[in-house]
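Structure first, commentary second.
Chain IDs A, B, C and D follow the sequence of writing; residue 1 opens each chain.
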Amino acid sequence: MKVLIANRGEIAVRIIRACRELGLPTVAVYSDCDRGARHVRDADQAVHVGPSPAVESYLRIDRLIDAARRTGADAVHPGYGFLAENAAFASACRDAGLTFIGPSPDAIALMGSKTAARAVAMRAGVPVVPGTDAPLASDTSDDEIARAAARIGYPVIVKAVAGGGGKGMRDVEYPADLRDAVRTARSEAGSAFGDTSVYLERRLARPRHVEVQLLGDHHGTVIPFVERECSIQRRHQKVVEESPSLAVDARLRERITRAAAAVAASAGYTNAGTIEFLLDEDGSFYFLEMNARLQVEHPVTEMVTSIDLVHWQIRIARGERLAIDPARAATPQGHAIECRIYAEDPDEGFLPSPGLIRGVRAASGPGIRNDGGVASGYTVPVFYDSMIAKLIAWAENRREAVARLSRALAEYEVLGIRTTIPFFLWLVRQQEFLDGRFDTTYLDRLLASRKGESFSELTDGDEERLAIAAALDAWFRATAGPSASAPRAGGWKSVAREEALR
Amino acid sequence: MTFEIEVNGRMRAVTIERAGSMPARFRVTVDGASRLVDAQRVGDFGVSMLFPESGDASGAVQIAPLSGGGELLGHIGGRTARVVVNGQRTRRAGADTVAAHGEQAIAAPMPGRVVRVLVGAGDAVQARQPLVVVEAMKMENELRSPKAGRVKNVAVSAGTSVEAGRVLVVVE
Amino acid sequence: MKVLIANRGEIAVRIIRACRELGLPTVAVYSDCDRGARHVRDADQAVHVGPSPAVESYLRIDRLIDAARRTGADAVHPGYGFLAENAAFASACRDAGLTFIGPSPDAIALMGSKTAARAVAMRAGVPVVPGTDAPLASDTSDDEIARAAARIGYPVIVKAVAGGGGKGMRDVEYPADLRDAVRTARSEAGSAFGDTSVYLERRLARPRHVEVQLLGDHHGTVIPFVERECSIQRRHQKVVEESPSLAVDARLRERITRAAAAVAASAGYTNAGTIEFLLDEDGSFYFLEMNARLQVEHPVTEMVTSIDLVHWQIRIARGERLAIDPARAATPQGHAIECRIYAEDPDEGFLPSPGLIRGVRAASGPGIRNDGGVASGYTVPVFYDSMIAKLIAWAENRREAVARLSRALAEYEVLGIRTTIPFFLWLVRQQEFLDGRFDTTYLDRLLASRKGESFSELTDGDEERLAIAAALDAWFRATAGPSASAPRAGGWKSVAREEALR
Amino acid sequence: MTFEIEVNGRMRAVTIERAGSMPARFRVTVDGASRLVDAQRVGDFGVSMLFPESGDASGAVQIAPLSGGGELLGHIGGRTARVVVNGQRTRRAGADTVAAHGEQAIAAPMPGRVVRVLVGAGDAVQARQPLVVVEAMKMENELRSPKAGRVKNVAVSAGTSVEAGRVLVVVE
């Protein structure tokens, strides 16, 4: 089996690693700006699939299929995002004789549509959040949308039918804001997923986001895993995920994993997927949607179960039977927490901070896993999601996992761009976070309460140390001090020219 | 040698002198207060400091230029702060409410598409009030006013594709 | 508790990490050449303890105690090597009111002496390898030594009483070589441990080296862990360690862990320690020695038991009771393998390769742990052991762990010096290694059978790619090509000077 | 531009020309055989290559100078090989049996102490026969003869402390 990875960044690297471990050759694809990216270097083969904008490259089904044909790949892993939940892509792979490492086109179409998935959940006897049963077609009148929202009851959320990762999603508190919210959600959804359909859903007051990872094989077995807690979200985008959830005890875990497996089974679901639930304070839970793909946060599940989900995705696609003890999958061993490290400036409203990375010292050591897609000398392009790495800490219990995460964040260095590391160091010191007292609105409320202070809480002593270090740095550069000094931007080229003149 | 070092908007005069004959020892004076520092460059951007007069405290700092603008970012224990040496680097608009005086141009920080313009010329704005929404890296990003003031002019409209550095709004 | 770490390199970094996770401040110590080392940067405080040679710095008990006093440290972690098994150091710590994070001075004196430890094992009813019961004093006559060797029977091994890590150890096949072997073993032992005592032991034909990690608290509890397999050795120095051992089944594990616990209990042993055994092909095992300290290879045990040994060392030293389920400690979950990455040139007989590291991309991702002591810009000094990192791979079973290790080794980049990474990539492809068919003589025999071929087995295609890349590299430097070009040695300084002239 | 590239002792003539107008495309000729290479520098020492005419194969190589001697070491998939560009780097004695002709000086690769001298002037030696044992980094290291020949002279005795580069034995 030769696997083409129809993706980029950390997930492409993670899949290449899995393939290497299974002895499978890999084919990377890349757009113009990703020519020097790590997944291109790490794969055995690499095919250019178009200009930098994703719609002209990573979203071009024809070019991806052609890349597989050219290189003799016979399987395709879609990763997450891009075409991972695009039924047409899964079909095109099947039609081209390629094994799609993911669910069937039918299952993607069914569960990838948030509205159809809700119907599946209802049929499986799993409660759903009140909302529109069908997508709002692009020609639905504003009045009709307003009536639907009124029927559901405010506050509502406008959601992209093809959505994911908080894209194409808007909160609406008051009827007057509905029209604009629908418009911007459609526009974001269109550029992110190539599909402008949206629907409405009631917004619960203070729910937790709890989700259940599943694996299903082609022999009728579906295995649900211990839940993940993903309530730490900024504008509906997960930023911290952990497993298990402090809000889920063994009895609730039994109920919620059974509900998840029932939905998946009734959809005839195979390969890896995740059922997302909203969990109310009273312990009742509602089906939210299904992610018909591998998720960003899959490592926390891997770390508390010691089961490699990407290996299993490949093995399932090859027709193997799931040989996993269901009890082991559903029972957490210790606690794992993941931080998504973005190339963003948290002190500027999480503004993207693309550019050349001048140095990386990733955290490592006991209990630490770093899934990264970048290295020193790599440029974070402006065209895609700005996540550059995932840092995952495991320990015996949550308190120790948080302490370890904190230790690892402090040693993680990324030079040349801004990252969300200072934000996470701040977050892991918040009392509500330490106590596990949070819901999906927690982080946005917390952020809204801030008045522009930096997340890098520096003491006077730290500031003075920085000032002294900056002066010493300048002094070393001016005097070519004790040990090798470093070039500033532009310096390298002049050296190279100098060498050429010798 | 004396350097004017600004960290998070606060200026300090830092004087560096070799301390005696020991190679890595420096007498460092910060705003008049003097201390001994054992300093060593580590790697391209790192400075390792020990403070023999302060319980042998160890401080490991990285001072690296940010991609693009040439601004310096200081890193200490996972946290960061903007650093300006001898005023050479221009301050980034919008990042510092304390020092944001006079006319301020809000520029696109990266290539993207203007999604919404939230103010018009002549509007009064508060510090940190959103002015323009630019879509980049698949997310919509609000660019905020660096100061309280009045919008002098708006140079773009919704739908415009902009390059990095393009001035979008001027606040006075 | 403030912890002074009387060590350097990766183990100092690993202990600092553990302290951070437990919220404890740390004090590093350093010699002249280690001023810029990572453990100095990572600790909260750092004290200079002398010139580069270890006998003038890391082995200076007076200076270490003084460093603790100066900085207000109230505990000392000795790491491994240096003074870790020096009873005088443990006593000096105790006398200075410092908590020594390790066994008592008495236990160190007892078990740190290889000959006394053998007596303890015999008293505990555990068989030992035939050998001299007492150390050979430095004035023992050559004749006396020759008689002792004859009594034991050739081949014999000359071993430092204070030894460890293959230092001060010599194989003697024939009587004629005995005198020289004793002399060189004494000289190596003297410079490595400050103690020239040696003793003799019979060399078994094809034994495996299997060892049992233990923890003992101050309340009488001793817990043995699943065994480690350390038979892959070069000149008596472990280079690959794994857990569990393929040669140990559940019944043998039960017997060998019980024997180990009996020896430790009869020595009144506390904190972390390891009992080393030789395991014969018939399943009988012999006490070899006890390492009265944390060992280099402790991570493999941590990975198959999910128990953090360094955390427990500190907790035991604080008087906590061992709250570990003995069954969990003795039952491996999956399989872990460690490679010791040295700054050595395997193609030149493992000649040390110290110097400036120009770039590091450590392996990471699922199932990988990297315990390193270096980073880009760091210089490997000539004065100490040349180990720069430990790479540990975990997977569900040995086959998958080896595959993962292989994947990780191939992505591990260390630039500027030579390392043993190519050697490990070669080793993990040897059939005997893959099958687990090896004993302590395996690697030396395998190496002796080689005829100077490089461990970097390059195909013609690889060689050609290297040639093309080297030409392109030169072309980029000559033309300051498509993207930023890099300076050669010396270039940085000239840039800095250039800048100074502006 | 043509370069003489030696990898593991084998010499190749490699010619690099830009291929048409595409920025990263090169026509590379190795010993007369030509191929298209899409090449890009990555980081300080990395070269990423794609081979459009060979199934879009990807090759990631690092070419970094070794600390000290200035020798270049090529890295590919965790394995390494010595690389010499245009003969500029002197070959390390003892590393290459194929090319070790003429008089060869065996030098100390690092500071250390001579523990044993195993040969005397005039002795006949085999290729890879141990000549001197030097203790460094807490281990005893055997330095071997790069070739079969005769010991011309021995410049040190047991117990001598030596600096890196000090000639210990000459084999002719």
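Methods note: a residue touches a chain if its C-beta (ideal position, glycine included) is under 8 Å from a C-beta of that chain, and two chains touch if they have at least 3 such contacts.
Note that the coordinates shown come from a computational prediction; the quantities given were computed from them, not determined experimentally.
Shared contact partners of subunit A and subunit B comprise C. When the C-beta contacts at B-C and at C-D are tallied, the pair with the greater total is C-D. If you average the Cα atoms of subunit A and of subunit D, the two centres end up 45 Å apart.
Spacing of subunit C relative to subunit D, judged by their CA centroids, is 29 angstrom. With centres defined as mean CA coordinates, subunit C is found 38 Å away from subunit A. Residue positions of subunit B touching 2 or more other chains, listed in rising order: 24, 40-44. Multi-chain contact residues, meaning those touching two or more other chains, occur in subunit C at positions 36, 42, 356, 359, 375-377, 410-411, 476, 478, 483-488.
Contact residues on subunit C toward subunit B in their complex (touch as defined above): 27-28, 35-36, 40-47, 70-72, 375-378.
Touching subunit D in their complex are the following residues of subunit C: 167, 184, 187-188, 191-192, 347-359, 379, 382-386, 409-413, 415-418, 421-422, 425, 452, 454-458, 462-476, 478, 481-489.
By the touch criterion stated above, subunit A contacts subunit C in their complex at residues 13-14, 17-18, 20-23, 36, 42, 299, 302, 306, 308, 310, 333-334, 356, 359, 361-362, 364-372, 375-377, 395-396, 400, 403-404, 406-407, 410-411, 476-480, 483-488, 491-500. Residues of subunit B touching subunit C in their complex: 24, 38, 40-44, 46, 48, 50, 55-58, 60. Taken in their complex, subunit D has these residues touching subunit C: 1, 3, 5, 7-8, 10, 12, 14-16, 23-24, 26, 28, 30, 37, 39-45, 47, 49, 59, 61-68, 70, 72-81, 83, 85-86, 94-95, 97, 109-112, 115, 127-128, 135-144.
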